[in-house]
Structures are given as C-alpha cells and as structure tokens.
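Notes follow once the structure below has been shown.
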Amino acid sequence: MSEQPYSKNELMICVAARLFEDGTTCFIGTGIPMLAAMLAAKTTAPNLVPIFEFGGMGAILEDLPRAVGGARTFHKGLAASGICDTMETAQRGFVDYGFLGGAQIDPYGNLNSITIGDHDHPKARLPGSGGGNDVGSSCWQTIAIMQHQKRRFVPQVDVVTTPGYLTGPGAREEAGLPRGTGPAYVVSTLALMDYDPGTRRMRLKALNPGVTVEEVVGNTGFDLVMPGEIGQNAPPSAEELRLLRKEIDPEGLYI
Amino acid sequence: MSEQPYSKNELMICVAARLFEDGTTCFIGTGIPMLAAMLAAKTTAPNLVPIFEFGGMGAILEDLPRAVGGARTFHKGLAASGICDTMETAQRGFVDYGFLGGAQIDPYGNLNSITIGDHDHPKARLPGSGGGNDVGSSCWQTIAIMQHQKRRFVPQVDVVTTPGYLTGPGAREEAGLPRGTGPAYVVSTLALMDYDPGTRRMRLKALNPGVTVEEVVGNTGFDLVMPGEIGQNAPPSAEELRLLRKEIDPEGLYI
Amino acid sequence: MNILQSGRGELIQPFDLDEFREWNRTKKSRKLVDKLMSEQEAVSKFVHDGCYIGTELYGTVRAPMSLAREVVRQGVKDLRVCGQGVLELDLWLAAGLVKKLDITYIGLEVYGTSPSLRRAVESGQVESCVEWSNGAITWRMKAAAMGVPFLPTRSMLGTGTLEYSAAKVVRDPFTGLKVALLPALILDAALIHVHRADRYGNCQVEGISGFAFEMARACKRLIISAEEIVPTEEIRKYPDRTMIPYYLVDAVVHAPFGSHPGEMAYVYGRDETAIKEWVRMSKTPEGAKAYLDKYVYGVEDHQEYLDLFGPARLDQLIAERERRE
Amino acid sequence: MNILQSGRGELIQPFDLDEFREWNRTKKSRKLVDKLMSEQEAVSKFVHDGCYIGTELYGTVRAPMSLAREVVRQGVKDLRVCGQGVLELDLWLAAGLVKKLDITYIGLEVYGTSPSLRRAVESGQVESCVEWSNGAITWRMKAAAMGVPFLPTRSMLGTGTLEYSAAKVVRDPFTGLKVALLPALILDAALIHVHRADRYGNCQVEGISGFAFEMARACKRLIISAEEIVPTEEIRKYPDRTMIPYYLVDAVVHAPFGSHPGEMAYVYGRDETAIKEWVRMSKTPEGAKAYLDKYVYGVEDHQEYLDLFGPARLDQLIAERERRE
C-alpha cells in the first residue's frame, strides 16, 4: 500500500479507472471520466476505445481533452464522425460503458441534472440533460461519479434526467429502454457502490481508505443495501499517482 | 426549320432538353435524360444542376455518364454524397424536376415498371420501382419519356410503380404525397403531352414534325384531352444536332 | 399505435413540412450567387427579433463566435434557441436576448454550471425551458433534414426529460417495442462555422462533424462563417468533402479565428485565458455586462475584437493546434 | 395513430432490435484484430445458405464483384437478397442462388431489362418479390443503423409499390400528415467494396458514398473488399475520412480491381467490353451458363479472373479513370 498523500479526486479517478474493462468501448464525458480513461489506457486497459459524443472515436489520448468536442478527442483517432453516428452507435448496442455525472442520484441510480425544485419555477437551473440521457438509455452499463453528500444522494431525484433503474426491477424494460442495460457502479468521494440484482437498489460495495460505513450511511439520504462483506478500495498506487501527475494532468487542472 | 434528317431519339432528346428550366435542380436517370440534360446545359439551361440518385450533385457533364453512380455523375461536381442525402434533399423540396421512364403510363401519369400481369405470377418481370417512386413522390414536377405505343399508353397500369396523379384531382394530397407536386409532361416518340389542370388527365400539347393527331390517338390506349390549339415541336436545330453528335454522344450510343 | 404518453413541454417551434418544402422551392436559389458579406450584413438580413435560432458545434469548439457576438451587438430580441451551448449561448443569455429554450445542455464544461443560464431562468427572463437530450435535439433536426415529421428513438423513455419535452411515446407497429417520437425541428436561422467555403456557400469541415450536416439541412436561413474562402475549383476537385452544398446557404462570412476563444481543429487551439475571463466575469451580472461592454459592444466588428488579443496571442494559438501526423 | 394501410408483402427478414444489440455486444470485437483473409475464406466463414445478404454500391460502380463471384463459386443457396443490382445480383440470379427478393431495381441500366431476373422470377425459381423504392430500401437500412424499428417517409404513398411492400401507413401525430413507416432491415451479411482499408477494417471511400454508410451499420456480418490495404497510421492521420470503423467489420479482403468489370472512381474506369459480354451472353440460359463457366467456375480466384483480361486491358482501364482536377 502506498504511503503517499493523495487528493480525493486522485482517489476517485483511480477507483473509476480500475473499472474500465480492456477491449471495451466507452462514452467519455468532460473532466474526471477523461482522466480515468487516460489512466486506464496507460495501466489495465490498453485497448480501451474512447468515444466522445460529438464524433471522436478511438483516439490516442496523449493530452487531456478539455471539451468533449475538442481536437484531442479525435487525436490520431480511428474515426472523427458526428453526434448522430456516435449516439446511433450506442443505440445499436456498440457502446459498453458510459460515464455519467449529476447533481442528484437516487437509490435506483436515476440522475438529475435539470432543475432543483419545481421544473417550471426552479430553485436552481442546472445545465440540462445533455448527452447523459442518451448514454444512460443506450450504453450497456453506466458508471456515475458523484460527490458523496446527503443533498446529492436523495430518496427521490427532483427530475429523472438520466434513467437508472427508474422505479425498480423491470421498470426500464417496461419503459421501452433496451434490454439488459442499466447502471453498474457509483464512484463517490467516500466509496464504490453497485446495485443489488434483486431489488435494483444501490448497494455499498467497497469503502475508500479511512472511510467508515457510518460515514457513508450518514452522508446518504436513503438506505443503502448492505452486502455480507464490504470491500476496501486500494489507495492510488505510486505508479497511478506518477501517471496522473506527470503524464495525464501535469498542469494540475483536476488533481 | 432544319432540313437535316434526324433520328426519333434525337428528336425526343431535343424536345426533352427544351423543357429544362435554367437554374433548376433536376434528378437525372440513365439514358435519354442524361443526353437531354447535357444538351440543355449546353444550350438554354447553362445553370442546370444535375442530381444523380447515388450522390452526384452539380457535376459538369463533359462526358456522357453510363450509369447513375458512375464517376462522370460527379465529375468536377459541387458535392459527391450518398443516396440518402439526395433522396432527402428531394423530400425536403429542393429538387425541381425529375425525369422518369416506365413500361406503361396511364391517363393520370402513373407509371409501371414492376410487372406486366399479376404481380405474384407475372407475365413479365420488369426491373422494379427503383428511384422512380421516390422521384415521382418528392420532386416538384416530373417528366416522363416514353415510346408512344398503345400497349404502353394504357387506361390503367398493371401496378402503379411511380405515382402520377393517381386517381385524379386531390388523390396525391389524399394519399399524403407532398402538396403541389405531380407530373408535368410526357415526351413521347410522337408528341409532347401535359396534363389538364382541372381533370389531371393527360392532354396533347404539341405534335412532333410530320405526326398527325390521328396517329397519336391511334397509338394511345385512352382518350387524351384535346386542347383548343395543338402546338408543333420544332425539329432538332442544326446546332442541337451538332452538339448531340459531336460533343454529347460522339460514339453514337443512343442517337 | 396509440399515443401512450405525451411530453407536456410546448412545441416552441411548430412546423409544417409542406410549407418548408415551399420555402425551399421559392426562397433558395439553385444558381451560384455570390453570398460573401460581413457579419453585420448577414445577421441584419437573416436574424430577426423572435426568430428560432441555433448554433453549431458548440461554445469552445468550431463555434460561430463572431456571428454570435454580432447577434448580441445588434440586440436581436426574444430569441427562441435550441440546444447545447457554452460561450455562445451564454453571451445571448447574459445579454438578455433569449425568451424560450429547447434546452439540452448549457454550461461551462470543465468550469461547471453557467451563472448566466441560472440568472436568466431563475429570474423568469427565459419564459420556458423545454427539455431534450443532445441526441434527441439532433435527431429532431435530422427529421427536418430528411423531410419527415418525426424520428423514433429509444432515448428519453421513462424519464422526466421526456415528461418536460414535446415528444410522444408509441408502440412500434412492427415489433411492439415502445419508442419516443421526436418532432421535426425546422429552425428559422442557423449559424455554422466551417474550415473552408467558396463564395457561393459550398462548405468543407475537418475533424468531427458535430451536427453541422443535420442543422444545415434543417433551417430556413443559414449563415456560414468560414476560416478560409476558397475558389470553387477547390470544391469541385474534392466534391466528396462538401458537407454543406451552396443551395442551403444564404450568407457566407469570411471570419478567420471565427471560433475564438474556442478552437478550430488543425487550425488553432482554444484560448484558455480568454475562456477563463468569461468564466470569471460572468459570475455576476455586473461582470458579465463589463465583459460584453469590452468584447462585444465596445468593438465595431470581428477584426476589432481580434485586435484586443493581438497577433502574438493568435500565433500562439496556431502553434497549439491539433496536427495531422 | 392507427394503421391506415399495410402493404401485403412479406417481411422476409424479420428483426429484433434487442437481439441485434446483443449480437453487436457479443459478436463484434472492439479490439484491433487482424481480419485480412481471402475471398474464399471470408465467404465461407460469413455467408451461409439461406442468409439475407446485400451488396453495395451496385453492379457497375464500386461493387464487390470479386466477392459476388466467390459467392457463386461456393454455390451458396436459398439467398434472400435486397435491393438494386446490375451485374452482381444478375450473376446470383443466373446461378440460381436467390430464393426471395426485397427488390427495388434489377436491370442492365443502359442495356435494358435483365433476362436473368425475368427467367428467375417468371419461372417461379425466385419465390417472392417484395417491392420497395431505392430510397425506401436504404432508409430501412438507415433505421437499423440508427438502432430504431422504423423510419417514416413520404415516398411510396398511394402506389402499388407500397401495396406489394411490407410498409405501413399512419398519420403523423404532430401534424396529421400521412407517412409510410418503413421497417428496419438488418442483413445477415453485407458485401462492400472500398478504396482503402487497414487490416482491422477501418475503411475510406472516395467519390459518392452510395449507401455504404447505412449498409455497414445494418448488418450482422460485414465483408469488406478493398483496392488497397493501408497502414493504420494512414487511417489515424485522417480520422474524418473513416466511413466504416473497424468494429463493424468481420473480414477484410485485398481485391485490386475488385469492382471489375465495373468502375472505381479515381482508380479505374468501367470495362465496357466485359460488361457487354455479360449483356450478350446472359440473353439465354445457355449463354449465362457459359459465362459463369468461363469467368466464375473456371477460375480459382480473383487473380485468375483478372488474368483472363491481362495487364494491357487493366492498364487501359486505369488510364480511363476519373481524375481529380
């Protein structure tokens, strides 16, 4: 185990990066997912195929992209296409993973990034559904990345912007969403969560170093499913930190 | 009037070429329409924009194309796209004219190029609907080019492959076809026909040189509308013939 | 094939396909007409108070920023606007030009949510927000581009996004699958920035195409700005690179660095300093106003805007461009 | 949104979008796997008796003729086939391989109707012909490529083409317009000939794109033949030219003159003499058989086929190619 100090973001990036499966396609959004994808490509998933919604496919991520349409998203890429092609590629079942964020998440993994409060007279107007709804509808598995706070982990999101398991088992299929899809993980500042296969409710999977179950529970606005055994997320390794700091984000934009 | 001898095809090409309006877009099929378009571009319609269904747009027709997808259909073209783009361009109302052929035509300008006899046990299997149905549905005006024979000008086509005015006034709109579209002319080996605006039935407009009304009537399987005055198609001019023979079809493939 | 669900959002741009066809027949010349003009002329001719308008690609990437600033400079009012945006829509929101939104995403990307959007919506200045996904808004344009009234999708199903949209859910009559039908979107005006165009409007784009193909075919008026104006011979040499043919285009504006402070693939990189200036200043209404005063109202045109940055900075952005290698 | 009319043609290739998604998830590797193989290997691996198959572009233009001949050589039976065709489908019809057709146009273009089609259909050897327009069959593939069960169109309405198709007519719930709904078409196998590919299957096409984009995304197995095999670095240098990304592709065949006797834009012109030989010989069943004996069954592979014409003829075709100028 590494004894080096590291930031919360560095840890989240590492936990997220380790979830990438080699030889899979993955929709990447701005920020943390980009760093996680780059770290994965340099460690456990050298054959990862990043897809960016406005058209970049199969880029070699040498420099950190700053926008999902920027030239770095198709740097030495295998294809530079358009948003219809990428979204339809996902709709056809070709995109294995999608990374998502949101202001709120509920026990079924539904995300909200539209409004806090009443939609038509909101307390806070958020950016909107964006590509998140398409990613959450069409990718085989989605991974959400969230700050772990009670006001974000809520019993019911104000608006379902991006579909998780909606109201529970069978609800996605009943709504018409593609068979076999849904949220897989939540990477938070405190822990890694997955979903109970029976109830489709969020389940604690592994704690971040130094975090207690009580701390997670205290920062979650609903009951998490508790498995028989709770894992531990390894801290960033020396090599992960070196890659993040020297190669991936040398300007320290995110870490 | 030119005293030179000319072939039936040369005359048809000239009559058709004179129908092209300058500065319009036009779907061009293989054969006679290609020659007519080239002749028009070299005479009265220098700003004609030829569109070929598999993607060629705005080509400069220096050599006669032999296929609607051949490289000559986008020679020095303004765009080389695909069939969806051309068909959707027509569906959006951007294509002014379309040239069509068929084995049979009826009084409402409906064309058949699918089967003669019963569809499922045909006496003759024809090539099929092809792009003709799309052209006849979406272009603003269509022009048919036909051999003038009784077995081709029939009271009712065996199958409506390409929509003319269907069963008469209002029938296209009732079927859902775009407002304001329909057949404009028929160029035959004997005459030029248009359509009566009231009944939407085929009307004799002008006779080819040396052809009588009786001859047209005798070779038509239904009653043509007869206007008060019947015009005369001018024979090919010396210049038209020179262009056709020296520049457009020097190998004599069609003329 | 009954309607199983209807979003309760307003269709803020009703459409009529036959009227669109008639427009395309009568208002769009098929002749090669010289359309080269300035930003001022193009915007004053083709962008009107109350019109429904969109921009492509977005904010910091191949965005028609010189045109977007000109729209602000001319103070066009009551705009109805679609889609995703970063800096360009932010400027319009901050300047108070926007009345209704078909919104997918408006934010500052790595720099978080948009204070200008928050102020404009939470104050009620923007009267309504109709929700769509990024895919959905593009498919709506694709429907118009195809000349059909709707396209089906498996996105948006089961969510509030659909509930606050104007989509409808039906069962596919072939397989029984539930799909959302997205109504066609025909914009009154669209602004697209490209790498190269000739003076008639034939356009080439390099790198990702975003939604330029769809938007160019889904609007009644199309203003193109281009980094470079090329002879038509260049277009005719590579007809397979024409993404937008001339007959779709109403105005062609020569705008080098037209996407600044955003990037232009293979031409120049993004100007992070300039982007951060907007991020910082737009946090308050006063700051946003000061920014507009300096960079929009305070200059006559795009050239004067570029002069505020100077050639050294612009050369630096060229040096930082993506290269084909 | 009730069904106002249903075509009485059979849906000869029923489809299930969720099963297609599952196929694309499990049978299509996202890794860069070397797929270079011969025509023989590609066809024997991915084209099976009874499969639903299509070819692109068509007959005399960028057509996968070396693959089409290999299909005949291997005697694959009971094919269900879509679309437009000139020489390639003619060969299959003449060889008796075709059982059902989603037909749009099969003919000899300037040389008139196809005797092979007439014989195959009028004799009952082809069991059924379901009718579509060229636009419609491509939109059916586009639906599959988009991952949706149908696309609407304003083509085919009011005609026998619709009556003998499997389309359905409904009223658009947004504007009340009548449209025809075209069911998605997911092919079992597709054959596409391109200008350049790398050994993983990333493909570039020059000139018109026909329906390559759509077909490549609407099939379970995709065999690419290419005039030239290029290093992947060449693909990565111009990612905006990739029309077909590798993960769609199952086999890559290096086939110079693969479209012969058809043309290949910017590479070689069409071989009129060779085309006319088929036109002449296919007039009778005996003639067609003699042609197949000589040009298909009588040679081992594409190279032996080309040897029948010799380098002088092929050089002549190169000289007659379209040039960028």
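Order as written gives the chain letters A, B, C and D; numbering starts at 1 within each chain.
The rule is simple: a contact is a pair of C-beta atoms (placed from the backbone, for glycine too) under 8 Å apart; a residue touches a chain by one contact, two chains touch by 3 or more.
Since the structure is predicted, the reported quantities are computational estimates derived from the model, not experimental observations.
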Any chain in contact with subunit A as well as subunit D = C
B-C or B-D - the one linked by more C-beta pairs in contact = B-D
Message = What's the distance between the Cα centroids of subunit B and subunit D, rounded to whole Å?
response = 28
Task = Averaging only over C-alpha atoms, locate the centres of subunit A and subunit B and give their separation in whole Å.
result = 58
Inter-chain centre distance, subunit B versus subunit C - centres from mean C-alpha coordinates, in Å = 40
Query = Which integer distance in Å separates the CA centroid of subunit C from that of subunit D?
reply = 37
Request  = Give me the residues of subunit B that touch two or more other chains.
outcome  = 56, 74, 76, 80-81, 84, 91, 138, 178
Ask   = Where in subunit D do residues touch two or more other chains at once?
value = 17-18, 146-148, 153-154, 177, 179, 207-209, 237, 239-240, 325
Key: Category of the chain touch graph - line, ring, star, complete, other   = other
Query = Each pair of chains that touch: what are they?
reply = A-C, A-D, B-C, B-D, C-D
Request  = Please name which positions on subunit B make contact with subunit C in the complex.
outcome  = 23-25, 47, 49, 56-60, 74, 76-81, 84, 88-94, 96, 138, 140, 178-180
Remark   = subunit D contacts subunit C in the complex at 1-3, 11, 15-18, 146-154, 168, 170, 172-175, 177, 179, 181, 183-184, 205-209, 237-240, 324-325
Inquiry  = Taking the touch rule as given, give the residues of subunit D at its contact with subunit B in the complex, in rising order.
reply    = 57-62, 84, 86, 103-107, 109-110, 113-114, 117-118, 121-122, 124, 128-129, 131-136, 138-139, 142, 153-161, 163-164, 169, 177-180, 207-214, 263, 265-266, 269-270, 272, 321-322, 325
Request  = Give every residue of subunit C touching subunit B within the complex, in rising order.
outcome  = 17-18, 20-25, 28-32, 144-148, 202, 217, 232, 235-237, 239-240, 242, 245-247
Query = Can you list the subunit A residues touching subunit C in their complex?
reply = 30-31, 52-56, 66-76, 80-84, 87, 91, 110, 112, 114, 119-134, 137-138, 159-163, 166, 171-172, 174-178, 253
